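One chain, chain A, links the two complexes that follow: it is found with chain B in the first and with chain C in the second.
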Partner chain A sequence: MLKPLRRFTLSPEKSPFFYLLPVLLFMSVMVAYPIARVLYFSFTQNILTRPDLGVTFVGLQNYVTLFQSAEFWATFTRTALWTGLSVAGKSLIGFLLAWLLAKEIAWKRFYMALLLIPWVTPMVVAAIAWRWVYDGEFGMLNWVLTELHMLSDHYVWLGHKLSAFVATAVTDMWLGIPFMAMLFLAGLQSIPREVLESADIDGASSFQRLRLIILPLMKPVILVATTLSAIWTFNSFGVIWPLTKGGPVNATTTLVVEAYQRSFGAFDIGMGSTIAIVIFVILMLFTLVYYRALMRREEL
Partner chain B sequence: MKRRGLMLSIVLVLVLAGCMPQGESGDGPAQITYFHPGLEQPEMREMIDELVQEFEQKHPDIDVKVQSVGWDQSYQKLVSGFNAGEAPDVIYGGSRWIASFAAMQAIQPLNAEGEKRLALYPKPLQKAARYQGKAYGIPRGFSSRTLIYRTDLIEEPPQTWEELVQVAKKVQQEHEGIYGFGVAGAKHVSTTTQYFNYLFQNGGQVFDEKGNVKLNSPEAAEALQFYADLYRKHQVVPNPLEYNREQLPILFKEGKIAMFVCGPWARQMMARAPDNEKTPYKAAPLPKGGKMANTLVSDSLMISAQTEHPEAAWTFIQYITSPKEQTQYDIERNTIPLQTKEAEDPFFQNDPYVREFVKMIDYGKPQPAPKAWEPFEEIVTQAVQRALNGEKAEKVLDDAAAQIKKQQLEPK
Partner chain C sequence: MNKRGKHLWVHILLLSIFAVLLFPVAVMVSTSLKTFAGIFSWPPTWIPDPPQWANYIQVWFGPYQFSAPFFNSLFIATTTALITVVLAFPAAYALTRFSFVGRRSLLFLMLMTQMFSPVILIVGLYQIVQSLQLLNTFTGIIITNCALTAPMAVWLLQGYLRNVPLALEQAAYVDGCSRVTGILRIILPLSAPGVAMAAIYSFIFAWNELLIPLIFISDSQLRPASLALTDFVGQNVVYWHEMMAASVITTLPVAILFSFVQRFFIQGFMSGAVKE
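The block that comes next holds the complex of A and B.
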């Protein structure tokens, strides 16, 4: 038998550090190091395929160039609009579905299973399937609309700026709705039955119930869900790239598509990293909001 | 306890043995990897596998592993590979990539034998495989462009731009649900070559002899305006923004378009006679603008600068590009003869489809050679898409030329 070692006793205050050490090491290698490296790259001029231009440290020059270009602000606005459209759609439809599913209806489990399909579909697979739905010549959407006589001629959904913008957002909604619906459903079910019953007794209409009881009680859940969804949507690359590659022209070029194009199309690592850092900062702000919303929820 | 310790050590030994490098001793066959884009098409894969097998039988000391991703991702995969030190030894890729790969010192110049082999090819192809005077590639695939048209709908293929519009309109009037013509406008390399055909025919240039950008010349603008008008004014093509050239043969096969411009591989993507009763077709010279011209695109074989087996890599290239193998390869793939001598093979003279492509070689203009291709492609595609969206051709080309200058892409 081994003798117990006395030399390595630790105070309860200090010992957690050692327990956390493996994870901390792992996180610093897998997360902190790449971020630091991208940050460093963003201070350099470095185009991999253009060694003739040289690799130099340029300080904040990339950021200055970026913030001075009108194109960047256009992309920024576009990203905000696209994210807003998609998150709004996801929240509204998600809430509607959750509200329907919270009722006592037949076939509830079946509907729940159906709802989960978009969630378990890999993003790129879904995007490619939707590409065919939107196709101008062979697309299902055109077929349905012409059969219903809502459209007289085929429309190329991904070939026009506005329709491509909306169509990519709709695909993104389709993928994001199940998550929202599930969160909202959980939120709805946590509303105390007594409150709703007493509202009924007081003669509240269902709209009043929704506006005065359900929504206020759901506020923390809604806040958490939309913020989380906004973070994911802002970074949504797997939907836009297979559908349009940021086109037509640049109608669906969001910041993350732009960062990808710069880094892996032109191999302009400096500028690509700069955009990546900008995205990082924006998402940090979102995360902050999320964190606050979550904390407040726990207080409840 | 003892037994568990024994088990543990056995497992450990087995695991460690699994980690040991195997067959790295000097006398095993030299392993090289061959990167060939676009082998997701089974016929292509089969052909390359057969070629490699034949080679391995004749050269038992060399072991070739085939690697492939789609054409769309190839450039990216290669550049990342070079940077990670994991590049394939022998690379099949667009000749348009040679300039940046050579500048990155990612590929190595060929030896004296390589120079000798390169001399077997037509002059424009030799030029495309050189960078700063040194040979970096052996041409492998090569294509000119023709107009492919429905013989049941069109009696005489159009010979000028005006006729092209007329014929296309006539087809649309006479037949429901079909477009007269099809062009590409998606974000894809083919959108540049599709447009450049008209640019060259109109006497335009992308870069002049000194390497200055000439994309915003009146000739180039007129050509782009015509290209965009096919969609906007004449409405004889389906919305080009949705399609790249590789999708045109499919639209054609499905009876959605009556004419399109493509390279010889289009035949593999459509049905061949006599299986194409519904959409019979023929190839014809392009309808000409100011003069006859078309863009010649070539692919080349290159050797990575990181390879550990440069001799084996060269032996492989030498074998697959030997006049006999190359002729066989071109006949099987239905492409056009690559080496000057090959054109004498009766196949290329007798096949009425291939013959038209061979004829177009004489009117060929090489693809422009910017310092780096991909950003150039992005700029030009953007300009084409903006024109298709209704913006003035002069304006978008001015912007494009300014971008090319700003990113220092001019081949000076």
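The block that comes next holds the complex of A and C.
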């Protein structure tokens, strides 16, 4: 029962704008204007450490330079791989947990409580705790792996390119698993019992049930969950920065870290803004997918 | 018999997954109770004897003065939550009780803004905050936080408000009650759980945020907990036992708040994708 509005007015009785105005004003100043600024900066040469060069309008030059640099494409690929690795890990482990927790088992509340622990851990805390776990000299990971005879010598996990890449992704996975598990669990519990029971009567195996009934019915949930997770993972700064600051030798520099380093490390505002706009465009695409997935089931 | 056997496997699987999942938390808590010498002993011990509870007192009052960043965070996060709700609640009300041109686009815009990484806006925001002379102030961090939390809060609240029945509100209007009074007296109390959810979401966002203070705060007196923790690790000698105690302290407020609302979060994010 929505009331249609005929004329523009600010009356609190008749107009939605009375209620929307504060947030719209605030967002224009704090979101729309900054984006416009960043967009403008991306068309300029603006290096704060070189005031002698001044701020000059260079058109699309920054974009051309960026897209022609091999380093950018390396960062781009690295970001895609890092995001993909983390989201795949979160989804698979999250799904496995949800699938196990959806069964009628004892101690369910106990397991759910355990699942909350990584979820409530602030990102920075998780990153620092993992940093200590990964520590090359006294880290517990080295100790466990030596005890299991999987490692003979101490390994500096965050000091080597590949292991740092995987280690940061694992930390990010760790933070995201509970959310994925909860979403999937909600999805699994919404599957009508009769459907699963009739499959049982027809003699479907556990695996057939998963592949032919559960997964197709879960498709919208999986789409929403993985897209949302991909957006967050892609944006992740709070995990990588305290762990490695993008190192060693750029091995964990994702686009977000790169944008930060360009603007606030090298003070190259022009190039930093250009990367920010590229991130913005990529996020818009992700958001469209998320919105479509969400709206398919929803009337707004 | 068969059924029991099956479930045993489920428990074994679950317990082994959780053993791995809780490993870093166990390390964190265990380290927070060790002595400085204890953290460098090899092989490491899991249960320090005796547990050094004094580490918590030491990190709170000692040279690190972790109480300061903790209270900074508490102030920033609480204020962020309050302002966010004040901005978002009327907007969410308008989006559920009126129909107007651009309503759907506005909802989409809110959702999209929520997906932004602060990194996209930060150069522009830095300029605004700088020109308002709010660098190195809590106000600068708080207004920036609100810009990033308000859209999600609107989204969560409108999802909640849509299920608050119109009938009660309308009865009040028939009795000659003004709309603003109706909202404050009827809708707001009815949507208290939704408001709490939006506030807690904003609180946790502000509590966890690292990039914004990293850029806006250089005065070490004003650092929030997230930044203070990151700074510890940058130093040459890391007092891991105290770091881990500070980490546990930083986790507690979020853990307490989160346990109240996690169910609503799921519904908020999924609204529609899962049919109840």
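Just so we're on the same page, the second predicted complex is superposed on the first by the 278 of 300 C-alpha atoms of A that agree within 3 Å, B and C clash if a C-alpha of one lies under 4 Å from a C-alpha of the other, contacts with A are read in each partner's own complex, and residues count from 1 in each chain.
Assume a contact is a pair of C-beta atoms (placed from the backbone, for glycine too) under 8 Å apart; a residue touches a chain by one contact, two chains touch by 3 or more.
Just so we're clear, the structure is a prediction, and the values are computed from it rather than from any experiment.
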In the overlay, answer first, second, both or neither for which of chain B and chain C A:Ile201 touches. neither
Examine A:Phe264 and indicate which partner it touches, taking first as chain B and second as chain C; both and neither are also allowed. both
Tell me which touches more residues of chain A here: chain C or chain B. C
Partner chain in contact with A:Trp241 - chain B first, chain C second, else both or neither: second
Which superposed partner A:Met150 touches (first chain B, second chain C, both, neither): neither
Taking the superposition on A as described, I'd like to know which of chain B and chain C A:Gly159 touches: first, second, both or neither. first
Of all the chain A residues, which ones make contact with chain B and with chain C? 135, 137-138, 264
Where on chain A is chain C touching in the complex? 1-5, 12-13, 15-20, 22-24, 26-27, 29-31, 33-38, 41, 93, 96-97, 100-101, 103, 105-107, 111, 114-126, 128-133, 135, 137-138, 140, 143-144, 174, 177, 182-183, 186-187, 190, 220-221, 223-224, 228, 231, 234-235, 237-238, 241-242, 256, 259-260, 263-264, 269, 272-273, 276-277, 279-280, 283-284, 286-287, 290-291, 293-295, 297-298, 300
Under the touch definition given earlier, write down the residues of chain B that touch chain A in their complex. 76, 79-80, 83, 100, 103-105, 185-187, 238-242, 251, 254, 256, 371-372, 374-375, 378, 382, 385-386, 388-389, 407-408
Please output the residues of chain C touching chain A within their complex, sorted ascending. 7, 10-11, 13-14, 17-18, 21-25, 27-28, 31, 39-40, 42-44, 86-88, 90-91, 93-100, 103-104, 106-108, 111-113, 115-125, 127-128, 143-144, 146-147, 150-151, 154, 166, 178-180, 207-211, 214-215, 225-226, 229-230, 232-233, 240, 243-244, 247, 250-251, 254-255, 258-259, 262, 266, 269-276
Parts of chain A lying in touch with chain B, wherever the complex brings them together: 47-53, 135-138, 156, 158-161, 244-250, 261, 264-268
